[in-house]
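Shared between the two complexes below is chain A, which pairs with chain B and chain C, respectively.
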Partner chain A sequence: MTSGMASAAVEINEVSKRFGNVVAVAEFSLEVQRGELVTLLGPSGCGKTTTLRIVAGFERPDTGRVFIFGHEVTHVPPERRDVGMVFQNYALFPHMTVFQNVAFPMKIAKRPKREICEKVAEYLALVRLKGLERRYVTQLSGGQKQRVALARALARSPKILLLDEPLSALDAKIRVQLREEIRQLQQKLGITTLYVTHDQEEALSISDHIVVMNEGYIEQVGPPTEIYFRPQTLFVASFVGTMNFFSGVAVDTSEGPKLKWHDSLLAFPSGAEVAPGEEVSLGVRPERLELAFEREAVPQGHNVVPGEVGFVTFLGSIMRVEVKLGDGTEVKIDVPTKERITPERGQRVYLCFSPEDAVVFKNSCVRR
Partner chain B sequence: MRRFSHEWFFLIPITVFLGLFVFYPLTRVVLRSFTDNFTGHCTVQNYLNAFTQARYLGSLKNTLWFAGACTLVGAVGGTFVGLLASRMSPKVRGVLLSFYSLPMTLSSLVVAFAFIVLLGRNGVFNIILSRYLGIPKFDLYSWHGLVVTYSFYNIPLMTLTMASVFLNLDRSLIEAARNLGAKAWQVWIYVIIPVLAPGFIAGISIVLAGMLAAFGTALALTGMAKSLLSLQIYSHASESNYNIPQASALAVVLIVIIVVSLLTLNWIERRLRPGGEGR
Partner chain C sequence: MRKEVVVDLVQKVVLVFLILYIVLPLLVPLIFSFSTLWMDIVPEGFTVRWYLKIFHRHKYYQGLITSLLVAVSAVAIDVFICVPAAYAINRLRGRAGGLLRSAFKIFPLIFPPIVVGTGFVQAFNRPPLAWSGSLMLAVFAHATLGFPFMFRNVLAAFQTIDERTLSEAAASLGANLWQRFRYVLIPNVIPGILAGSLLVFAISMGEFEVTSMIAGFGWRTMPLLLYRSLIDDIRTASAISGILVATSILAFLGMTLISTRVGAGKLRTKGARE
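What follows is the complex of A and B.
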């Protein structure tokens, strides 16, 4: 592994890290290409921060190696890695003004005064904080602090940018606005970015690739649409978005293998390789399920399951309908409100979905 | 307006208390300091004495030196032990810090006797030092003896402050600085010391104020042999050279010194405090 144009911006190679008995990161391998924004997504304690801290140099991996633009940095101290990091709590210097915070890395690097002033102005403009130079950071709002932290991390043009849950301390509205700004800024600067979040919506909306992590391991790596529509594990399916599961045993029929689910036979998507007798689950997203009030209304070729309407929640553009199935399980369906159907509690309905909208999971242990 | 008067109601007891036991005596002291000991006439002679007579000037100088030395030793020792304490496991630290709270609860007389037993002319340590190690005896009744004795209060006091200051230091600030390219020494200069400075100054304010007014243990150890301002005041308020107006004038001088040094330290602390005015 030597430098060269071909190497990835970040390469994490078989990295593991334990804290006592806790395995924080296990056999973690990942390549981040130049200019990409890659998100580490997973529940609390799955090792996202630890992975980021290993890249930043704050933790030494027990095994494995880390490369930045082809250079091994596994044992390089953090101050020599040239990696910008935005901390979860911002970690702004409380005894410094906004200007001094952003100028700090350049002052440390002994850049000439004029250059520092220009750069600080440039980056404060970039994060839309002009005019706040002389404020102390204790006098800023959460969103403003976040922008200062971003400007400070970017100011000396680091090779890569690391963001650890940068928006988790902000309220929902600013979160959405800031994540779009971060994404635009990242694309404008073309800076390779590793972004940590436990918010799946955030991950889906801003990433080139998403790495779904669970208990230190990588569950799946892929573009947002693939993670959402083609989850490879039950964990990914249930962690990213909402997924309804129909679990049962595959049986042979005249029309090929089908899933026997109580009294229903459910078709698999084409191309699914399922052997009779195998225990499998079919996963369907709420927005891919449809409601029919009569059996005749179900489109040809759709899988059908009867049920009874339970709780209905109005969410603006959609209505989330919970349907109780014969075996007591509950299935969630999103009905667009523009369809103008209003299911009543207790009403008998048919759930239906195209087999092509379902995902097959070979593992029968559904996490609920 | 109603709420305002209600709040006043709760302030009455503390106001009465402060009035009776602080403002009334203070006013009396100030008034007395401007009277003549024999005639009772109004005069500024007591203040002139305080700044011209050798014994008063000497004790003024002694007090400043003594308080300065005690504060320095307390600050250095307390900062060091505080740093160590902040790095201990919570359990060990809890034990250490609760021991360190003890000195403040002990009577000055008890402390003086403890030191006499250990470090007095025939104290345990002095006997070991001189007999078995051949090192000259430690003179507990000298100035440095007094500084060492008072360190028994000051180092723990400063340690308690600095331990919490170090514990409250946000580690992510240190990591952020390193991430931005700062070497270890630069992290200390540009981040750790400035961030800790306000707490440190608050700590030395307490020590300094206490040492400017140090009295009990010094009296118990040295009697009147060491001329501190506090001891001068005491000697004029009792015994043979009874002179309450002169004692009052010296007390006012001491109060002014303490107030001015506290205000100065407070001003510095405010300027250093995050988001404070200045710089």
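What follows is the complex of A and C.
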């Protein structure tokens, strides 16, 4: 790929990076389109931060190439890449005021004084920090610090914005507020953004696309809803949200293949290609499971599993019910409180779910 | 109750003796240097005659200038070497980095000064490095002796500011290596540089052992003059001690003043966080 209007904002091509014997990123390829916010999601050590640092220019990949707007930058130092970066621990310059921090990239670029003043005011207004220009950054709260860092990263109008776990050091409440602001700002400016996080809720709430990573490899790339409802691997299913699994062997019945799970036969979603004898798992989200107190109440065509109510947690809008199944495994169900059902501990219940709400995982090819 | 009073008293007495033990030997030459006569326990008469002598006699005046010149040069060399060295060694990852960091903190501190002096004499007494007896060699020797103190302070400064992240932030904002040093790193490690400078300056001003081994005929530092004067002119020797102490205190006050100014932003941090 060379320069041209059609090129992606960021193209990462077969990038690998190892530290000593540890593979941090393995054959990573990704295209980020202009104006998109793409999240790299995964547990610590999955290579998401290393990938971001390779795009920023802080790490050189062992193999592979990186393009920004069609220009190869694999060997370009960070100061000439035209990217804005926001760090987990803010990385503000402690000897400077808020104004000086935001003005820094423009001062380095030798912009005229008047332009700098105007731009700083503009970007501080964008992150809602007007009036704090003369404060030293060390006097600010965590949330304010990260806003300054955001304004500073944007002040030079970079081609792409990189955020490395920007909210990890903040309180839960500010985290939610600031992530919404980051998303709104990103859409307002239309700036292509790569966002690293280990928080699946954060990723689901702000991304155009999510890249789920594990041990240096990409597990799945897709929009948030697809990642959540159609996870392609067991890892994605269990890392993003909560997933209940029913594992067993596929058997042939008169109604086509079904999963034999202890005494129950569970139907697969339509279109699932499962051969008899294959070891498979059915995954169902807690909110897609329903509780029935009698066998007759189970809707036609639903899969049914009997169990016994265990721990019940009231969470406001939902009630999380743990149901102990015959084989001892526990399944989590979210029951909306508006349904006015109050399951009691020890009560015999039936779990049911539409086969269409289940996801099939073949155990033989769980991972590469 | 009574027992506590006794314990308290004993503690105070011990403290007073401790202070006397440390201060008395330092104080005696100072008192001596201002007195006309000191035969009994209490000195008699006040005079600055001995100090005036230093500034009037060319030998002593020249010695003071030499000492200051050597000290300032040694500080300059150590700043020039230690700032880039501490930056580079702070960045080394893995076991090698840790090893180098601890090694440079104590090197050459673990060698007795007499050994360092011997080394300088032997290393610089034949061509092409026949610098023995030159003032330049004294500067190098003092810089070597001061090195671990400067290095230690600058390295600690680089470590506390999380240099790597600050540098990366500055780089992502378009700053090249020189601009990162000039606008971000140096302003943040200056308290460490100043603290190191103070120590190197004080060490150089008072250095005797190594200096006496490499001293040439053309120059004398203050401590060397002090040692010579001890034999024939003990009054002037006391006055030289007084001047050395005064220089150290002045240097200390100056550095403290500058570093509190520079570190003002940092001091405010702590207040804001608490």
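FYI, the second predicted complex is superposed on the first by the 363 of 368 C-alpha atoms of A that agree within 3 Å, B and C clash if a C-alpha of one lies under 4 Å from a C-alpha of the other, contacts with A are read in each partner's own complex, and residues count from 1 in each chain.
Convention: contacts are C-beta pairs under 8 Å (C-beta built on N, C-alpha and C of every residue); 3 or more make two chains touch, one makes a residue touch a chain.
Computed from a predicted structure; not experimentally measured.
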| item | value |
| --- | --- |
| Combined model on chain A: chain C and chain B, fit or clash | clash |
| Touched partner set for A:209, first chain B, second chain C, both or neither | neither |
| Partner chain in contact with A:79 - chain B first, chain C second, else both or neither | both |
| Which of chain B and chain C A:198 touches, first, second, both or neither | neither |
| Which superposed partner A:147 touches (first chain B, second chain C, both, neither) | neither |
| Touched partner set for A:288, first chain B, second chain C, both or neither | neither |
| Shared contact residues on chain A - chain B and chain C | 56-58, 77-81, 83-85, 87, 89, 91-95, 104-105, 108-109, 136, 138-139, 152-153, 156 |
| List of chain B residues in touch with chain A within their complex | 170, 172-173, 175-183, 186, 190-191, 194-195, 272-276 |
| Interfacial residue positions of chain C with respect to chain A in the complex | 161-162, 165-166, 168-176, 179, 183-184, 187-188, 265-266, 268-269, 272-273 |
| In the complex, chain A residues that touch chain B | 56-58, 77-85, 87, 89, 91-95, 104-105, 108-109, 136-139, 152-153, 156 |
| In the complex, chain A residues that touch chain C | 56-58, 77-81, 83-85, 87, 89, 91-95, 104-105, 107-109, 136, 138-140, 152-153, 156, 162 |
